[in-house]
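Given below, in the form of structure tokens, are the structures.
In the two complexes that follow, chain A is the common piece, with chain B as its partner first and chain C second.
Take a look at the complex of A and B:
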């Protein structure tokens, strides 16, 4: 039941990063990508990502680090500008999915009467192919940050619910929870004070996986042509627009794909080492999949 | 045992019902009216109303739902709004390509990922273990379509070893089919391999520490025999379970892979139907995919009930 790390001062985190060279590298990479994406307007000359007919399909060179696309836009500039929305989708999905899943998981684990119904609903959601569901929601309701995040959150909820529910099922039998019930402490308070803290460690791990899987899903939506409206720079859209010219200009897909892969891999690796650190009992191999 | 199997089969009925409710409700969320879209810009209001009536869209939602579900239960998934073909016929038309692709991806996965995971566990903490785990994380992190395009770029365009895109039926031209299948099935298999290698490794690591493995060694079995005959079969349950759960990943992967390699399967059919707002086809396909997922996991659970007498519900 180690949630000690989450309450511990920042020095504990620094110690963790110092011991784990790989995690430190991943954290540094993510930080760098975040900072660069936020600073994009000051780093990237806006003219570079305008349509420039005379600069069409230039191979990577000193002039254009990642080359240019079919409209002459600088792929490096697009990739940096696209990072912001892609990361935002990942962050919002992880936070919302984690929060909603936690509430449902707490309730379904604690109140046994509704458990059967809710878990069947979760089974049903898991049976519907994630990507197809997201494509359907986004293309029917119109692509926007809200619809894309909502569709991805819906897909991720069952895994969080299952995780939190299993923790609740084991902790509700603990003596301190029984004692709290015996002292007729209000149920919401028991859930929040005595049961929720036990869920924190596995939840942190799970939300990192959701973050990674949401970034991938956004890219797939963009690639299938139902992501953010065309022209909005996201990693998925930049790659989608590269599809038509890929064989002549492979850098249009490879460069943003590489950025995406590095980001997702950093998040995954960070999640793996957090899992080993926070909760050694968590089974290896069960992880988010897109 | 029969009672357990029957109970397990019954328990998937409510799940499929909820899937049907979600899928039906999802398509009714959309603001557009399919009759208006279908009738075209120049249609008169009367024509739209007639079309709406013909498609049953003028009925209240619960009635539409019950009518649809009753049809599905008797094997009638309705008609495509666009092509007027029965949905089931459309699905079966395109099913072959998807099945061939998925089955070859599963074969590749089992043939490569299980041995890789086993070797990683056997040589725990060695360079090969690290390499397998690193590849597994990479497999989770690179989008399948990027891999697909990279494979295409090198194997088809640069080295001209394999065809770029398309699908050839193995029943018409086995040689051509294999050549067309290699790149897409490897692309589809990659994420799956990452998952299976990881689970094989962790499951085997647990088994390798147990007494019976030591006994098997003590009896003078060769190392190879201990691994493949004694340890791996006992590590199989989590691996097979994950293959079942991985079916969902595979279905999502099929959609992307078919799109990259221009394969006329049901993944492409679904995307096209969604974009065209062909509700009956989308509903039918979503239900069909869910049925496959639920069915495969049902079969796996039933296999456990038969094989493992300890399992009780």
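Take a look at the complex of A and C:
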């Protein structure tokens, strides 16, 4: 029932992207957004994103590609500069959430004795509305990259734990795991060699979703005014500041909103096609039968 | 009756395979005829094209990979080779029906059995009233000898046994009184006793419903039991055909001879001289308790009061039907499960009573070989990685373990180069050899083989049994050989213990148990062995 796809070399992945035009497009978009956001200091004139009262609420033109906001800052420049923090929040949340959730999931799935307790804790965490929780944490501890990521990770852990646990539960009954137990292999090795590899495919997919939802959550926090300090360019903050002048200058929200939508959609679509590619049930070749 | 036109007539059928495989045709120039009231057995190993032939008749060929290149298929005189899908829909179920190997997955798990049978009638006979359908379903259930049809009607697939599920499948196939029933390995997943009953049922229904049966099997034992005519296939080609009697008694083709020779025959190994046992079970019991949320506790006595001894170099067979507790017993011996009562002594030490640390030092000396060679090797790890894992844990250096692994691979009849390949590159029989080599790498004193050859084709089965015997004489380990197949047991065991409902009902020297069974259940098992008396 398991796939052999994880052994596929990099060339197979390139082939996969070549066949899936949509996935290739999404990957290219994400790559472009990342590169542009990293190169922001060199491609965006720092002056453009300074407060320039004379340039208030300019409509998109040759001078300002996406127009300017209520303080005369260039919306395009803000969007590009904001991408870095937004992407960083998404990436850190996905990596930390995935890693912590995987460890807890492996342990809770394999050692049945503590399973009940841990899973009830996870249920409890899942019952907390995540934005509300993040608002509370940020209000208490102050807004910084660490607190925002921590608050978002906390909410994502239960979903990863559930996913990993379910894979562990089915894999631990596989004869090859039994065989390893029968050979007295140490438990950490059994988890690492025989069980963890089966979790990788669903994990990759899950982390892409976390990535997308963390970017959205950060934007929501910024929009609510409890994200990064005002003035820090993130997509959420730019949109929050544009809210007041939305009717007069809709471009202040449309530009970062569009970037957010494109990024989240790309990540989600890429996650979807990764699942199709990695799920053995969907990609299983025809097994030769008589 | 034989003067009538045949139910199925196939002329020079060829089916092409997609490019890049080891052969170009799945089926090549196969012709066959089945008349009313006749059972035709199509025999061959996996990959012989027998299931593809059946799929062509049913119009179930996977469209994008296989294609009928030439030939005609006539069902009751109608050419259905290129009949439109609409017509095939009418014919399937109505004039021909198929029975699959795995009765559990072929039934809908969330629909009562009666309604599943009724569905066939609703689909194909829209005019029939509810009451008429119900009475017809009950009649069909009685026909296939399902006990208490009224009660069975409302049950779900998981509540009945494998044999009963197969009976439900047969009832569904019979619902529209089809002219042709195609059964693809219908008894392979079943116990010997159930298999015998199902085969008997086929013969009985054939005369009652006046239909024809095309039965696909790899087991010449089944052929001897039931076939009127036989067709032997190999690598897509027809090798030999004729009446069952002719083919069985005077096979012309070498391959047919090989297949017939591979059917395990009864053979008695001598009992070994008494020696101090290496493994001893004393009054072992295990009961599974399950309490529902209403507080009701159900108990399943999986193993009850079982005692046996196993001497060094000896093979003890544990035979019984599925659900007899033999696999639970095996799991207890290797320490996956702890008995409620009783002791399992390995070299005088009670294994389940050991501390986890002590158990870890001991347990590698009892190794298990599993039934399914596909899932007992980690698909993501190379053969060598799987094989050296245990010895390295036992303190061997990686290089030494690898060298030994190469030797063992050669010993089990594989190339040493297999060490760097992945499990999916091997066939089922080869994988089972790898599993055996992996177990041997730990130099065990006892090997527990749980249905280790049951998932293999007969010819491969014979080879693996030979391998076990060779290794046992060379390396001298003791073996607990668990199987539902008495023919297999007779080929490898010195002594045998018969299990039924969690208890050992009879135990003793193989020849004595097989020739003079004392227990009623043993006699029943022996009587159900397919094809032994005829061959």
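General remarks:
In the analysis below, the second predicted complex is superposed on the first by the 272 of 290 C-alpha atoms of A that agree within 3 Å, B and C clash if a C-alpha of one lies under 4 Å from a C-alpha of the other, contacts with A are read in each partner's own complex, and residues count from 1 in each chain.
To be clear about the criterion, a residue touches a chain if its C-beta (ideal position, glycine included) is under 8 Å from a C-beta of that chain, and two chains touch if they have at least 3 such contacts.
Keep in mind that this is a model prediction, so the values were computed, not measured.
Judged by the touch definition given at the top, the superposed model places A:186 against chain C, while chain B stays out of reach. In the superposition on chain A, A:130 makes contact with chain B only, while chain C stays out of contact range. Between chain B and chain C, it is B that contacts the larger number of residues in chain A. Judged by the touch definition given at the top, the superposed model places A:174 against chain C, while chain B stays out of reach. Within the superposed three-chain model, A:107 lies out of touch with both chain B and chain C [touch as defined at top]. When both complexes are overlaid on chain A, the residue A:197 reaches chain C alone and has no touch with chain B. Applying the stated touch rule to the two superposed structures, the overlap between the chain B and chain C interfaces on chain A comprises residues 289-290.
Of all residues in chain B, those touching chain A in their complex are 14-16, 18-19, 22-23, 26-27, 29-32, 137-138, 140-143, 145-146, 149-150, 152-153, 157, 191, 195, 198-199, 201-203, 238, 242, 246, 248-249, 251-252, 255-256, 259, 270-271, 274-275, 277, 282, 285-286, 289-290, 293-294.
Interface of chain A with chain B (complex): residues 120-121, 123-133, 135-137, 139-141, 212, 216, 219-220, 223-226, 239, 246-247, 250, 253-254, 257, 260-261, 264-265, 268-269, 272, 283-285, 287, 289-290. Those residues of chain C that touch chain A in the shared complex are 44-52, 62, 65, 334-336, 360-361, 363-364, 366-368, 370-372, 375-381, 386, 389-390, 393-394, 422, 424, 435, 438, 442.
If you check the complex, the residues on chain A that touch chain C are 1-4, 6-7, 174-176, 178-186, 189, 193-194, 197, 286, 288-290.
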